Amino acid sequence: MKREDLSEKILDIKRDRGWTWKYIAGEIGGMSEILVVGALLGQMKLVKPLAQKAARLFGLSETEEKMLNEIPHRGAPMPPTDPLIYRFYEMVMVNGPAFKALIEEEFGDGIMFAIDFDIEIAREPNPKGDRVKLTMLGKFLPYKYYGNEPDVPAYGFKE
Amino acid sequence: MKREDLSEKILDIKRDRGWTWKYIAGEIGGMSEILVVGALLGQMKLVKPLAQKAARLFGLSETEEKMLNEIPHRGAPMPPTDPLIYRFYEMVMVNGPAFKALIEEEFGDGIMFAIDFDIEIAREPNPKGDRVKLTMLGKFLPYKYYGNEPDVPAYGFKE
Amino acid sequence: MKREDLSEKILDIKRDRGWTWKYIAGEIGGMSEILVVGALLGQMKLVKPLAQKAARLFGLSETEEKMLNEIPHRGAPMPPTDPLIYRFYEMVMVNGPAFKALIEEEFGDGIMFAIDFDIEIAREPNPKGDRVKLTMLGKFLPYKYYGNEPDVPAYGFKE
Amino acid sequence: MKREDLSEKILDIKRDRGWTWKYIAGEIGGMSEILVVGALLGQMKLVKPLAQKAARLFGLSETEEKMLNEIPHRGAPMPPTDPLIYRFYEMVMVNGPAFKALIEEEFGDGIMFAIDFDIEIAREPNPKGDRVKLTMLGKFLPYKYYGNEPDVPAYGFKE
Amino acid sequence: MKREDLSEKILDIKRDRGWTWKYIAGEIGGMSEILVVGALLGQMKLVKPLAQKAARLFGLSETEEKMLNEIPHRGAPMPPTDPLIYRFYEMVMVNGPAFKALIEEEFGDGIMFAIDFDIEIAREPNPKGDRVKLTMLGKFLPYKYYGNEPDVPAYGFKE
Amino acid sequence: MKREDLSEKILDIKRDRGWTWKYIAGEIGGMSEILVVGALLGQMKLVKPLAQKAARLFGLSETEEKMLNEIPHRGAPMPPTDPLIYRFYEMVMVNGPAFKALIEEEFGDGIMFAIDFDIEIAREPNPKGDRVKLTMLGKFLPYKYYGNEPDVPAYGFKE
Amino acid sequence: MKREDLSEKILDIKRDRGWTWKYIAGEIGGMSEILVVGALLGQMKLVKPLAQKAARLFGLSETEEKMLNEIPHRGAPMPPTDPLIYRFYEMVMVNGPAFKALIEEEFGDGIMFAIDFDIEIAREPNPKGDRVKLTMLGKFLPYKYYGNEPDVPAYGFKE
Amino acid sequence: MKREDLSEKILDIKRDRGWTWKYIAGEIGGMSEILVVGALLGQMKLVKPLAQKAARLFGLSETEEKMLNEIPHRGAPMPPTDPLIYRFYEMVMVNGPAFKALIEEEFGDGIMFAIDFDIEIAREPNPKGDRVKLTMLGKFLPYKYYGNEPDVPAYGFKE
Amino acid sequence: MKREDLSEKILDIKRDRGWTWKYIAGEIGGMSEILVVGALLGQMKLVKPLAQKAARLFGLSETEEKMLNEIPHRGAPMPPTDPLIYRFYEMVMVNGPAFKALIEEEFGDGIMFAIDFDIEIAREPNPKGDRVKLTMLGKFLPYKYYGNEPDVPAYGFKE
Amino acid sequence: MKREDLSEKILDIKRDRGWTWKYIAGEIGGMSEILVVGALLGQMKLVKPLAQKAARLFGLSETEEKMLNEIPHRGAPMPPTDPLIYRFYEMVMVNGPAFKALIEEEFGDGIMFAIDFDIEIAREPNPKGDRVKLTMLGKFLPYKYYGNEPDVPAYGFKE
């Protein structure tokens, strides 16, 4: 069995029952909606208690429940062809250089951690048309300059 | 003269004077730091009063000032090879399907507008290591289903 | 069930019954023909009343009707290998720079909205050979320069 | 001398004099604005009288005037990274299959001619925000089925 | 049913009966051999009377006969990996620039029509080894310079 | 010095003097026009006497004359973006499978030789618009099945 | 039936019976081992008597025997990911320019024929570790310079 | 000035003086040799005191010293064509799936940190030929499952 | 049967029984864990006694056992989309130039052998978060400069 | 200075003096012609005494002589567009699977060494047209199965 077959089965059940993602994420609970939906679509793992709830909700077999608890091979095809996803891709393509310049100036050499971070989507009512508010919160991880600080022994080229 | 030559000149001046982006954006003012830096790196336009301030700050010629006010040919090479920018790319690659599922459920068919939106980066102090907080606020733009609403005449195939 | 399997089923029925797209779009009605055909080919969603008409026309199951009402993962493979579609691709490749120059000069910084727009195809009789007339009508969406207008607060880099 | 160097020179002059494309196309005249701008950007040729007018306007040398009259090596890099041009690319990617289905049904096997066609861009005032109207008018070119019609002798495999 | 499944079925029948393409094209008749074979391989359509003959020859169902009469989604994967097809690809890659220079000089700005043209393959006996003679005959299609000729009104940018 | 710089120099001279390719090929003579033009564009070599004539015609240095006699690194970028060249590419993409089927049936396993072949372009007057006639004549090169014929010793795996 | 399904079937039988390629090539005989194995893996054709032997050895049906006698669509995916095959690819990537320089100097303008050539692999015992000896023997095929030799009439551009 | 020009200048000086990387890294000191060499090749930054030492060693200008202290746009072209670097690429291509399986089983969901890690290369003498020993030491960074632990509030979809 | 189907079957059994890779590698034993897991995932071969143990452990058929002993077609798709594997890819992309500079200086012209080397993964406890330690040990393979050493006869170009 | 500039300079001198590669390789001597030519084209290093001879022959500066002694960043662009080099690429593409099958059966799991091997090109006179004989001789490098042999300790996953 492949993870994508499990995702397709879950989508079939969701369609038949007329459930929303909101309802599903509410039933499974305990975690950001984006992460729960990501797991059901095959991009994240569900920790055991949540995998169990998901299995009960969708009437999955024990094997399928175990698969939801496995870490999947992540990553969708790029560049995205779907317009909604492409807009995020474009946002990175256009603003990437400025992100790099400002984050490095503020935090130093390193990266914003794309793995251990949380994402929240919220609707912001606005008389001229509601807005989508997307907040990402990631730990900053600095490059270490080994050998350049007292507690970090430098590695050399030893024979 | 090409826009990238102008960006390189600006980076040379910034390096020589030892200026920070914060200082530069503060001097030019009036707009989100990301947009100002993006314009100096060749991805955005500066409106006339800001282009003037930038020209005065960097001692640019009149032609260079006009170029900063032009809309550039946007977009950096993809996929990004730089680790900091790649993390954002990866975030879209892994979470794109969940973004699509949740935004469409909440807002209907359409897209979050990647052009008319604002971006804010903030440092969030944290005892376990400070965090980068990135907030994007974009208008939701729905697909129109022409002919399906009283005020939108359907287009047909007319001979 | 995947959307492409549903499209293939619809094409099989269309072929067997000898229906034209014109007939099908007429039966489903209420929307631009291009959008109706796009939905049946898996690139658009049909709003509920139209999905219902389509389901009745093609004798689809309730699940299949729901799927037609879902927003698909849009986008066909590029570059197009089919000559008819390639001609449109080429038109963008050759005229893209001029579109950008003229639209930006007329409208300012922004984009023509490729999502909320309508498309009409019409036959224009001509003694030297009929012509295809393709009309696209899209809202212009300007870049906002936040912080540069009284009602748009600028975002900064806050610590 | 390369065509792209000539385009850059023309852009430099346009920037210095503060001319608009509208003004330039008006001075050169006699042809669709998109085609004139396309020629100055290196994607089209200017017929001799227009090349002469362009040379006089920009103060070009005789050699540069001749180059404007040459047919350039057409085509910009794809996929486009600039958001404005990408929207047209996306429009083809999403609607291509429906274009093919409807045009072939209406006209038979063939293609809409992407070379011998005209393009017009117009602003359509609209209280909810002006719209861009793009009209393309192209001759339909049918596939010939040689040997299948009295006046078209079939080709065979002759030894 | 997909067009490629139909092609595979036709190849299976051809193999079992030991037929040659020459024989098959002779039975179906009325058109260039290359076009008939192209249609059976899924790159061309057969007009109705020929589709009927092909169906009778191969014992196809009515639905399969209709599919042969449909215009397929054309285009094989590129670059070709098969040496025989690659040689034609290489011929375009190496001689393309000279084709462009000579055809444009002789005919003016435009293209040789790759759709409405005929192709003939013939064996040319030669004591040093027979030769393949490939003849292509295509209509030349000139670019139109709208607005530059009395009967072609120029399109402008109208507000 | 690079071959492409020499080609650019030749194009500059051709433009300044107002020469046609026909005139140039006539002056250099002795070989197919396509091959002469191909050599001047950097895709073919000119044999010594022709290189000498070309050098005299264009007033080239001795070194440049020698370079014209060198075999260049052949091949233009693919896929072609220029519409005229793309049509030939498309012709291979759509008809490649039929070429393979018919040529192999007629000649057996092998390839049409894309190197040792000649190409002729001719204008065919036609009341409905002149036509371009492109004739390619190539030797057929069969695969050898070593060890399967008396005079071809089979190679084995010898230890 | 597809050629790759036949190859998979042959590999299944080879595995079950525990045969080596050496044994199989010996049973089919009459041709270089590389070509026989290439044919069973779907990259070459087997001439009729060998196809018959192969069919008897593997217990294939008459249709499968015919398929082995067909010329396949050649070419494996590139670049190769398998380390053993990649080494040959790398050898071409690194030594290609020197091959070109030396072969052209020795033989003149043309190519080594990659189709009508033989390949032999042999083990060369060596106290420091045995060596693989790969010998390729290919006919040299010169470019013809038509019109430049008495017996080769030049092609021109005829109207 | 671009970083790659600075790297080229440094390589020129190194060549002229006949210095080894070992000597250079020893003079600059204080950090792993790989990181120092990486910085001089344009992939890492040198912290200020090291940039100063490097500037003194190579006789760089103040601006060049500042550039060495900047964080470069990291990443060399992929896939690597150089055999030495390709072997590491291949090692990831072949062993990547096993790395993923074993590291995730041992550490849970997360990644080995490719930024904050150290690398050491050592020569390991061996009678059968010395060996290269490459040691990488990276912190493991776990995925956080927000909302699933008492101190991590879950993000929801708030309106 | 394909190797990837066998890998999927093994993963299904592992999931159902709740086995860890550690347990599996312990049962099969005798080799580095990475190589055993790599073989089960289809990237390595298991030598016969280990293939037998694996077959007994997973209850495989005799044919499946033989397949595990076959050398697979190695190599996973690149670039990796999964974050954990990508980090190794990035490590090569960023540090590749420095690896090349230092290894070549220390060992001379050649490569670290990516095939005959061993890999060890170890957990290194650390109060600030455990670390992953990856050690690679590869033989250095020097380029031979044939003809330049007494015992290596130079190859020439012999006629 | 870049290696490619040095190669261009060497080609300029070779052209001016009318030298052949054979003459040049004879003057520099002591190594296979392919390797000498490869070094001058920027794909190999020349050991010191040969670099000295080359420098004297071409009248190079001391710095240029040192550069010839450096190991270059190897690898030409792929796939090759030049027909002569493409034939070798095609040979790998078509015969790669058979190479793998036969070499692995004869030698076991491993690779033929593409770095430490020699290549010889020879002309083989033949009444039907001379032939190019290319011989490659490479050491076979087996995969080691660590832990599976008494003298190779297995690596485990140690905590």
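As written, the chain order gives the labels A, B, C, D, E, F, G, H, I and J, with residue 1 at the start of each chain.
Keep in mind that, in the parts below, a contact is a pair of C-beta atoms (placed from the backbone, for glycine too) under 8 Å apart; a residue touches a chain by one contact, two chains touch by 3 or more.
None of these values were measured; they are calculated from a predicted model.
Visitor: Does B-C or C-E have the larger number of C-beta pairs in contact?
Guide: Looking at B-C and C-E side by side, B-C shows more C-beta contacts.
Visitor: Could you pull out the chain whose C-alpha mean position is farthest off from that of chain E?
Guide: Farthest from chain E by mean C-alpha position: H.
Visitor: What's the distance between the Cα centroids of chain E and chain I, rounded to whole Å?
Guide: Chain centres of chain E and chain I, defined by C-alpha means, are spaced 47 Å apart.
Visitor: Go ahead and note the Å separation of the Cα centroids belonging to chain B and chain H.
Guide: Measuring from centre to centre gives 29 Å for this pair.
Visitor: Using the touch definition from the top, which residues of chain D touch two or more other chains?
Guide: 22, 33-35, 44, 73-76, 78-83, 90, 93-94, 100, 102, 104, 106, 110-111, 113-115, 117, 119, 121, 123, 135, 141, 157, 159
Visitor: Taking all chains into account, which pairs touch?
Guide: A-B, A-C, A-D, A-H, A-I, B-C, B-D, B-H, B-I, C-D, C-E, C-F, D-E, D-F, E-F, E-G, E-J, F-G, F-J, G-H, G-I, G-J, H-I, H-J, I-J
Visitor: Write out the stretch or stretches of chain H touching chain B in their complex.
Guide: So the residues of chain H touching chain B come out as 1-2, 63, 66-67, 70, 73-76, 78, 114-115, 157, 159.
Visitor: Flag every residue of chain I that touches chain H in the complex, lowest number first.
Guide: Residues 20-22, 33-35, 37-38, 41, 43-44, 74-76, 78-80, 82-85, 87-107, 110-114, 117, 119, 121, 123-124, 126, 128-141 of chain I touch chain H in their complex.
Visitor: Considering only the defined contacts, which chain H positions touch chain J in the complex?
Guide: Residue positions touching the partner: 8, 12, 15-16, 18, 80-83, 102, 106.
Visitor: Can you name the residues of chain H that touch chain G in the complex?
Guide: On the chain H side, the touching residues are 79, 81, 83, 86, 90, 93-94.
Visitor: Help me check something: in the complex, which residues belonging to chain A touch chain H?
Guide: So the residues of chain A in touch with chain H come to 22, 29-35, 44-45, 47, 50, 71, 73, 100, 104, 109-111, 113, 115-123, 125, 135, 141-148, 152, 154-159.
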